[in-house]
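In order of appearance the chains are A, B, C, D and E, and numbering begins at 1 in each one.
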């Protein structure tokens, strides 16, 4: 029988589900044509409530397994809960005015975000393959739908289709991997599997095939090379706030799964796979972004590169505390800055997302200094300039890599982060060093958008100036993770 | 070393007074009337001369050999330090008096000469500025401070040569002078570094003290290196081969400048340096020999060019180069006192010659070509007579000043332990040529008929054109001429009976090779006159040599008279017959062209085409840009994979999965 | 007997799969898929997975495939258009697939010695047993599935409904 | 009030005063005139405040090597162990003052030439000042890196927004060049932190000197190179210099002044403080090739400067040459060489800064830097010509001007290190005279060829008030260098002593560039 | 009743999976592509059941059940997406859905 503590361990998910379903019902009751802004505000409160629930859940007495070893609440899960929920909150806020502006003002949007967040939250706390799979599917399917939310726009539909087809394709690989892992270890519990793989003197070769396939599936979700290939197309076509959402929250959750499934089932053979994936991702992402002319597409490549940096942290997970805490910190920082950047892009997008070319940002520094300054800040954070979260994120990652003596990986990484500064700089250059284009409008920043930007700005700054608290928290996670 | 107890007449005043003049004129002169500018310049220069006289008097009567005062540290780095200090001994005393004295006279002269030029205040600022640096040079108590003056006079020279900066030739000449001097300074600098490295100090007293413990270097050693490098510096400043090229061009400057800087004072700085460094040179016979050879060569070489030149100032310029060569030769045979003696007399008569030439140029409206002069004697008698005195002096005709110093040099070249008959022979030939071209100048300029066109046709220099007839210069210009004329006569008398040598003996460290070889101990500093031990027959020899030199001087005069008075058509015929040689000499052996074609041109070409356009832009920056292009190419390849086709993407995913699977299985089952 | 039945159903299954690939008409591919699913249900029965076999028929063959066929009809998807294919898929995908397949088979075959043989219905999985597990151990997963389904429904509605503008 | 009570906070005050000013400007209304005056006021106040540093330096002067004056050490971030640790010694003291000294002139120089987006310009300028000062005072490697990177952005924006035709290219090139190089420094810093758990310069120095941090294999060399490349690009050392001419040509006057005057010094300062401070043995072992590059830079920069048709490029290449001197002095590892190098940093800041200010003034009149557009300027602009000459003389190292002291000491030090270094480098005195005087001749002498130039107004009061102080200072620094040198000398002696100790105790594991690549 | 090794089932499952992948790579029709995915999932399901038999636990069966639910959900969403694409692009050929590229 589930105990009260068990329910608290899934309290954020419950809150989100209830809220999401309520949104759905209200949506059904609202007459068509009526503004859904209020509904969005309501949904935002749902995200806030879930954050509160997570905070409540984070108390030490609730740490532990729950619901028949299906999930586990610990620093790790709570941390990713926070990331997902804050991203969800920011996404909802930035969508409040975006949706009516794009004439897709449907309440389902908010419900999908909230319910999708359930999946992502569960991904971070699930320790059972079945639950992980279902959670992954929830997050994926909601993302597929959200990507196609501007369904009258061909790009949006195409983005959705591509995401869906390739996502399902990758999921099948993942699933096959899970099946083989189940066959090879006889268990579907992550901790049991880790124990089996860790102790058995002779691991069944099937297990290697299994983890390889699981890595394929998850690598696809986190968009690391060579499974990154869907990212630019999908990000370009999807609505901007959705990109903000799906480039961060499901990704962070997928990283959480990757950590739980791959890193925790520590196999020495991982190292070079991750190493190569990291190098490939960084290079492909940074080089690919150079020639892009669409901001969203460019940031899609950038997200590949950032997945690469994160993989550097994984590669150094032989020192658990360093590698995993660095990866966690990176996820948080990346979420904060990327959401911020996409918030500004959303603001700039204009009706039908017409204005997402780099050219459209010409002279933004003159037209709208504050917006330009904010975007510059996020871009600098993505480059990794000090006093931004992006800097400390990179710092922790490379410091972990160096402490585990991954000299070359670090050198490639820092070289990449230097090289990568070029394309972010291009956007900054456009904003400040080019004359404004008259045809591009700069709509006023509404309250919701302002809040969304403020949240990500504060988070990025906070992570950049006072990273202590967060880092301390992340450093608690690996120890718990390791105690099977 | 003693310090003088004079409350007001501190030695630092000597250089600082002209500086004050320069600053006042420089900062406010633009708003001053010309008379005030001139007064300021004259006052401060005169005061400096006065101060110099006072200090000369005090020093001579104090009985001290030298006076050294330090006014605090200038540069300090670790253990190494350099002071602002003044060192006054008999050598610097002579230099100081020459500089301030002749300098003052030239200032006076300039007041009138520059009357009609623009930039009056600028001129006097620069001139005072020059005085300051020149006095710093001669009064410094260490080599670095000497270097300050050394570079400073170079700057002043640069500014004054380029005074008529609207003329490209003037601007070019100034730049050429500065850069050529810098080449010399390069050597000087290295010499300083060697001194620092091996002596740990640049103070004269300390350096010479240490140097006195060195034995004479029979093969090249550290002192030789220092000496040779100093020689490079001296060559630059004193216009010796191969760095003499700037001096003739420097005649682009106003004539008083030529007189002061490029004849009387600055160019003798190299001689001063060599003499000042005699404790080093005397122990480095190889360096000394190099000095002598360069001096001899230069004196001869410049004299040949001087014969053919037609520009009055250029003749004087080459004569200066030649006379400086004389001084070097003297220094090179360790006859430092003779060298300084000639330096002094040369200052008088060469300044006089230049001022006279200036007076001529002034009088005929800016023309400098001797072929367009002639017969000026009747228009400007004062100028003629004073210049004639100077010409006698430079030709070495007794009892004019040049005779004594020149004769001393020739005798020393002949008889000194470092000397050689070859040097003497070169000196005699040069003396002959000197006499010849100097009288050629006199005859061409002052005798015969005036060949100049009406003066207003010569408005090239633009400022004297209100005079239509050649005319005598104002008294303000003539007074210095007369004074210098007197000095050119009597200036040499101080050398009679080796008095000058005695006077300088405290400055010259005596180094005897035999003594060194035998005992290898420190050189004695006891003043022994070189001539004191000479035997009677040596006296006979000396007198006969003197007779030869006088004879040579008169034969030069005679030849000049023959060519330019008696048979004026002859020179052009000879020139026509020996056309190749004549052209060669007339064009100064094509040395300027050679430098330009062999050094400057290739250097600029190399810098522009090879270094900048090829290496910098194509290789370095090109590779930087290429790497950017390469990044773009890679980016393009990566983009191309993004074909937009779902099935391709799936292909990537499948292939990636296969690769990961293959790797994992391979690793796992190994 | 087991081998025979396996080979029989397996042959149907594989044949259906291959036919799916070969057929140019979408509807034929769909029908082949139904064959695959049906024969798979039989194979499940061989393995004693009674509950799964039934669900396979009901959900897959019954519900999902009907949906497919409905969409095929709706969109009037006829013969496949032979557009120029993707090179990457040919150059990397197919060889990669083969390589992966060979490795997989090699891995599977390499461990035959330790492998135990199984008989028909060795692990019996009837509805009650599966149901018990579903509602105890996997309760959370089951509940969460409801959210998945909810999202799917909502998504289908959002995406497929005619725009009201 | 006793000003000494300010001592603990004075550095912080100096550093962040401009940033505070920038913040206030952000809230000022867009009235250009007010903003200019306000920026000037802020920069002048900062200068005055910073003068406290030399004024009270004796009171707090560090006793020996490895200790600093006006030190302040506060916790910032506990993990990683980052401190707000600042302090100065005799070297950074003057660099800080140089920075605060130059900024008011930059403000004045931008008075008229910047007339669009004035507010942004001064905000960036003041932020840049804070960052530049920060670089010189930071004693925590992290803090140092922070300020180091922080200089990049305002500078790139100043070039990119307020520059000339190819400004974007130049800004991006500048940014990328320095950014890519400095990430290697970051990697090295992280490595050090990963091994030691501290960013503190003095602690790290101690740990490295005592061998507490294990440096297996060639690690020390790699770390050395990591720092070195970041600094070398900034200096810029041949052959990493090509960003500099572009950046200078395109930058507005104030940008050029600060770029040449301060930013380049950050590179040489870094070499002196961190490269040698942390890896003395490696620095010593690798000195030969670094010196070779420096000497090539001296001659090469001068020769290329000689043939530039563009005044600003000419001065930019001359900077390459001058900074070559500085690097030469630093790596000569002699007291006079290093003293001279530090002094030369200050000189170059003054003289080249002044040169750029001068060039900016004709640019304001004619909007071109092409030398052939000018000629005969001495006639319409005599005062300008005079000041240009004074600064030129300072730049070519005429004795009694500041440049001479630095060059002389550097060359003397280099000569002591190895005669040939001094000899080849000394040829730089010839080249520098050549290109500067040629420039001067082509610009100022001769008759006016371009009639537009005939009517150019001579410099006005504002411009004079910019140039005179610099010219006078150049002279004062040449005549009384000890005022600066006293504190420099002590600090350099400390560094040198530490370096000597390390070099004598050199473990055989010290590797050079050659051993790795052979 | 001759018993057969489990690997027969696994090989069949692998074959089905491979067919699915091949189908995804070579077919042009979006719906067929989607069906290929279903084929892959079916292959996986067979593995689950086979492994369950080998391990003697029913977790595999449960997994298959969930996979089916997910497949159903995916089918609903996927077909909706296909319809939505068809509406805007009027094609079912996946190669023609390449608006977003490079």
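Just so we're on the same page, a contact is a pair of C-beta atoms (placed from the backbone, for glycine too) under 8 Å apart; a residue touches a chain by one contact, two chains touch by 3 or more.
Quick caveat, the model's predicted, so the values are computed rather than measured.
Enquirer: If you apply the touch rule, which chains end up adjacent to both chain C and chain E?
Expert: Under the touch definition, chain C and chain E have A, B as mutual neighbours.
Enquirer: What shortest step count links chain A and chain B in the network of chain contacts?
Expert: Minimum step count, chain A to chain B: 1.
Enquirer: Find the chain most remote from chain B, comparing centres computed as mean CA coordinates.
Expert: C
Enquirer: Would you indicate which pair of chains has the most C-beta pairs in contact?
Expert: Result: the chain pair C-E has the most contacts.
Enquirer: When you average C-alpha coordinates per chain, which one falls nearest the overall C-alpha average? Tell me, please.
Expert: D
Enquirer: Express in whole angstrom the distance between the two chain centres, defined as the mean CA positions of chain B and chain D.
Expert: 37
Enquirer: Mind checking the centre-to-centre distance between chain B and chain C? Centres are C-alpha means, answer in whole Å.
Expert: 102
Enquirer: Take the average of all CA coordinates in chain A, do the same for chain E, and state the distance between these two points in whole angstrom.
Expert: 26
Enquirer: Per the centroid of Cα atoms for each chain, what is the distance between chain A and chain D, given in Å?
Expert: The separation of the two C-alpha centroids amounts to 43 Å.
Enquirer: Please list all residues of chain E that touch 2 or more other chains.
Expert: In chain E, 10, 20-21, 24-26, 28, 33-34, 50, 54, 57, 59, 62, 66, 70, 73-74, 77, 81-82, 84, 94-95, 97-101 touch at least two other chains.
Enquirer: Show the residues in chain A shared as contacts by 2 or more other chains, in ascending order.
Expert: 130, 134, 137, 141, 144-145, 148, 151-152, 160-162, 165, 169, 205, 208-209, 232-233, 419, 422
Enquirer: Which parts of chain D, given as residue numbers and ranges, touch two or more other chains?
Expert: none
Enquirer: So which chains end up touching which?
Expert: A-B, A-C, A-D, A-E, B-C, B-D, B-E, C-E
Enquirer: Within the complex, which stretch of chain E touches chain B?
Expert: 21, 24-26, 28, 33, 94-95, 97-102
Enquirer: Mind listing the chain C positions that touch chain B in their complex?
Expert: 85-97, 99-100, 103-104, 106-107, 110
Enquirer: If we count contacts the way the header does, which residues on chain C are in touch with chain E in the complex?
Expert: Within the complex, chain C contacts chain E at residues 1-3, 6, 10, 13-14, 17-18, 20-21, 26, 29-30, 33, 36-37, 40, 43-44, 47-49, 51-52, 55-56, 59-60, 63-64, 67-68, 71-72, 74-75, 77, 80-86, 89-90, 93-94, 97, 101, 104-105, 108-109, 111-112, 115-120, 122-123, 125, 129-130, 133-134, 138, 141, 145, 148-149, 151-153, 155-160.
Enquirer: Name, in rising order, each residue of chain E that touches chain A in their complex.
Expert: Residues 10, 17, 20-21, 24, 30, 33-34, 37, 40-41, 43-44, 47-48, 50-51, 54-55, 57, 59-60, 62-63, 66-67, 70, 73-74, 77-78, 81-82, 84-85, 87-89, 94, 97-101 of chain E touch chain A in their complex.
Enquirer: Can you tell me which positions in chain A touch chain E when the two form their complex?
Expert: Chain A residues touching chain E: 129-130, 133-134, 137, 141, 144-145, 148, 151-155, 157-162, 164-165, 168-169, 172, 175-176, 178-180, 182-183, 186-188, 232-234, 236-237.
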